[in-house]
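Chain IDs A, B, C and D follow the sequence of writing; residue 1 opens each chain.
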Amino acid sequence: MTPILTAEQINALLERDIPQIVGEEPIFRVINVASGTCTLRFSPNESHLRHGGTISGPSMFALADLASYVTLLAHIGPRTEAVTANLNISFLHRPDPVPLDGIGRILKIGKQLSVMEVMIERVDNRQLIAHATSTFSVPARKT
Amino acid sequence: MTPILTAEQINALLERDIPQIVGEEPIFRVINVASGTCTLRFSPNESHLRHGGTISGPSMFALADLASYVTLLAHIGPRTEAVTANLNISFLHRPDPVPLDGIGRILKIGKQLSVMEVMIERVDNRQLIAHATSTFSVPARKT
Amino acid sequence: MTPILTAEQINALLERDIPQIVGEEPIFRVINVASGTCTLRFSPNESHLRHGGTISGPSMFALADLASYVTLLAHIGPRTEAVTANLNISFLHRPDPVPLDGIGRILKIGKQLSVMEVMIERVDNRQLIAHATSTFSVPARKT
Amino acid sequence: MTPILTAEQINALLERDIPQIVGEEPIFRVINVASGTCTLRFSPNESHLRHGGTISGPSMFALADLASYVTLLAHIGPRTEAVTANLNISFLHRPDPVPLDGIGRILKIGKQLSVMEVMIERVDNRQLIAHATSTFSVPARKT
């Protein structure tokens, strides 16, 4: 499964469409695209932390969802009308406030539905922190 | 299944533990507690919106997760060490930027695991916008 | 949401399409159809039991999946090309070998995707035994 | 993560505990155990097929659930009281009636909860047919 967008192209799309997430000091940034996979790096700041100093659940969700989305776009092109239909996330280990990689992988690309999985790992020691499976719906193109 | 905390008690817990979420103008607020259920009202502001003016996925996750958590606490008391082990969310309709209710319901309270479901509805017309099922792990108390 | 098939019509469809499941002594049988909901009764026999005398996981899955399917058909008509895209099931209490009801409820009917939830309850004491959420894909009709 | 049971030991456990599944001509058989992973081969017969000649949903669930279970046992030993708390399965491609491998992988082994994922692939061409994530609860040992 050959990607059709580069990391740079996807980052440019994110900056255009969701600047509040990507920010000046990029919080989310695609660092790798390869066959069937894409890695999104998350560099959390104070606003992503919860009571006790762990990364908040919504921030973990954001990483899982966005890693799925960029993995999909990398392989189908800039179909930015793709929407999340379902996301199932398992929290495996305490998310200490350190940079995380969301490593997305294509499980299926279909005409109506695409399915991805995401491994969320610490950048420093590669511990698996969370795992997600997501289903995206891509509306049929008008012809 | 009789609740053991009131809406006011749960709101006080939220304000103490996660003030950044609850805020001065409360963004999340428990408005009802009854047998086996609890309703959390979400009043989104600009920071919860995404490109296109819809409520962002992470904000929807926050509502589902927090509604599960307050529903659990209402029935087991202030066990704030409860953590989300798994959350499965289905996005059903476009989340326009209007107040939403997360209506939590206890499916099981167990010694190790508790399971809740959450219906996310628009306050104005009660349209169902999303549905979530969550599994929480409550560490055994040290005795 | 008004159903367009009766319990009898759905049972006739099941008998035609999946006779091995429905059997002579019906194992699965629709007993109620109402607005947005449908109840499928499961009368397990020896073949559905697992070591220890509990109902097997695959039988619980079959009930959740089939209850979703009949709830969908009841509301969209005999679109028997509908297929399960995703099913998330939580096992809540030990499934003793007694008749169970799978109570399906429509969460969304869409052009491409429909979402249902199923409560699996004991017929005798209405204890909630399992809960499932399912996503079905219905191929676009050729015109 | 070093496995502590061999494929032969796990197959012997399955034959003892769930002979109806394993059968004379083994339908399910562990064919590989390695660090953090275990492969269960499923050789379907007529009883596993559904209308249209595809493998039935409950049979796919059985493969996902059992592959999770044997992957867990391989790494924690014969804790046969482990029970499935949640299973999320995505059906990706039509399951033609051919042998399938359920390739389990440990995502987390915890004191209360363990999480596994399973890739279900055709043996002949390695096409990915389904993907599952499962959460198992292992009761605390009485000491």
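We adopt the following convention: a contact is a pair of C-beta atoms (placed from the backbone, for glycine too) under 8 Å apart; a residue touches a chain by one contact, two chains touch by 3 or more.
Just so it is clear, the model here is predicted, and its values are computed rather than measured.
> Measuring between Cα centroids, which chain is at the maximum distance from chain A?
So the farthest one, by centre of C-alpha atoms, is C.
> Across the interfaces B-D and B-C, which one involves more C-beta pairs in contact?
If we tally the C-beta pairs in contact for B-D and B-C, the bigger total goes to B-C.
> Using only the C-alpha atoms, find the rotation that maps chain A onto chain D and quote its angle between 0 and 180 degrees, to the nearest 5.
Fitting chain A to chain D on C-alpha atoms yields 180 degrees.
> Where the CA atoms of chain B average out and where those of chain C average out, how many Å apart are those spots?
Comparing mean C-alpha positions, chain C is 28 Å from chain B.
> Could you work out how far the Cα centre of chain B sits from that of chain D, in whole Å?
From the centre of chain B to the centre of chain D is 34 Å.
> I need the residues of chain A touching at least two other chains; which ones are they?
Residues 85-86, 88, 90, 135 of chain A touch two or more partner chains.
> Considering only the defined contacts, which chain C positions touch chain A in the complex?
85-86, 88, 112-113, 135, 137, 140
> Sort out for me which residues of chain A touch chain B in the complex.
17-18, 50-51, 56-59, 61-62, 65, 83-91
> Going by the contact rule set out above, which residues of chain B touch chain C in the complex?
Touch list, chain B to chain C: 88, 90, 92-93, 107-108, 115, 117, 128, 131, 133, 135.
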